[in-house]
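Reading through the structure tokens given below for one structure.
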């Protein structure tokens, strides 16, 4: 362990901007991408469910 | 033997693959998290400070995995694309399409972290080094692939056209890499040697490997999530999709 | 082989009826190369250094101009479908079309390049190498470009998309083509560059018509 304090850890020996800029960008994009993919999946699902409900409603109206 | 081949073809259908992917995704996320925590621990707390580059070298722990993945994903994408072209399976094209954005993201991250590493170490955000230039071209190839697929409305045609482009790209990548390398050695204006990583300690190598495994598992998880969305989008008019969503 | 020659002849005849389309690419090449000295300044040493790169980049862009038309007209009027159904192999006909494209869009650039090179103070031997490099390189551009043209056939925003697809693949040709002239000027000899360019051309002659044909069949489905 080469860090004596949290401040020293975050300072990264003067390279804070570069090191945290790299790790931060990776973290940000690698959180955003799964979020977008999941949203895409749930959007299709929602629209499919709506479609199905509409079909069922139509069927009910016809039979009644 | 025959039974197992049939088994594989069964999972090759979008209908069978959709629930399978859903079951696999959490495991890949768990693996990505586990490798990521171990990798980050090594990158920040175990790996020693580098003698020449100080703490700045720690960027290597995300830069190298992102570069590896960007190249590896292109190969995997081309593999699926070629398989789709040869066997005419629907799922292969969907896999290729779902991998492309992740590959492009990895290429972008590799360029970004490369720039942030380059600035303190060589005094410039961008150097026309062979590796950086090839990575940039790889990024363009990903963009071209995605743009072509987005521009074609018929998904089957989009898959096949994308497949040809991906295969042409795979043939060209080594040619591009060696031509850029040759170009770089001819123009020895800058004496910067980018490729020379700081003397590799064993712990550094382990950190890099663990982070690469984390990126790999992440890519699989996110590509599987996206392929599920693509399956539903494309097969939305089939009966099984209507029953697959509750 | 007859079908191949007939396609070349047909495409040349068609192009001669619409001369302006061919001339546009040539004028584009001339104008772009002449713009650079105006933008950079007339200093001969600098111009001589950047000449190969400028002439090559201008050639890439000029070749790109003619590519969207390579298959578009034949696709619209149904000729392409007839070609796909014809008894002679589509690959051969496609190769004929690519050759015609090179004769119309590539060869004029090769012939003009030495004249334009004079603007940049290149000496006679460098001009010779430049012409030779372009002679090997422009067919390569037509061959690779044909794949892109076939892939983007009838696609939304085809022209811009074509540039995005094809330009990254042009990079090796650019590097070795411009590099040949630079190496010659630097006294290193252009042999290596030219042979690599020729090797890539051989590879492309073999693969590109095949990939183009596959892409066309997909577009025609």
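The chains carry the letters A, B and C, assigned in the order they are written, with residues numbered from 1 in each.
Please note the rule applied: contacts are C-beta pairs under 8 Å (C-beta built on N, C-alpha and C of every residue); 3 or more make two chains touch, one makes a residue touch a chain.
Being a predicted model, the structure only gives us computed values, none of them experimental.
The greatest centre-to-centre gap from chain A, using C-alpha centroids, is found for C. The most centrally placed chain, judged by C-alpha centroids, is B. With centres taken as mean Cα positions, chain C sits 44 Å from chain A. Mean C-alpha positions place chain A and chain B at a centre distance of 18 Å. Centroids built from CA atoms put chain C at 32 Å from chain B.
Touching two or more other chains at once is no residue of chain C. Chain contact summary for the complex, chain B toward chain A: residues 44-45, 48-49, 54-56, 58-59, 62-63, 66, 101-102, 105, 108-109, 112-113, 116-117, 119-120, 218, 221-222, 225-226, 228-229, 232-233, 236, 241-242, 245-246. Within the complex, the chain C residues that touch chain B are 147, 151-152, 155-158, 161, 164-165, 167-169, 171-172, 175-176, 179, 182-183, 196, 200, 207, 211, 214-215, 218-219, 221. Residues of chain A that touch chain B in their complex: 1-3, 9, 12-15, 17-19, 21-23, 25-26, 29-30, 33-34, 37-38, 40-41, 43-45, 48-49, 51-52.
Put simply, chain B touches chain C in their complex at residues 137, 140-141, 143-144, 147-148, 151-153, 156-157, 160-161, 164-165, 167-169, 171-172, 175-176, 179-180, 182-183, 186.
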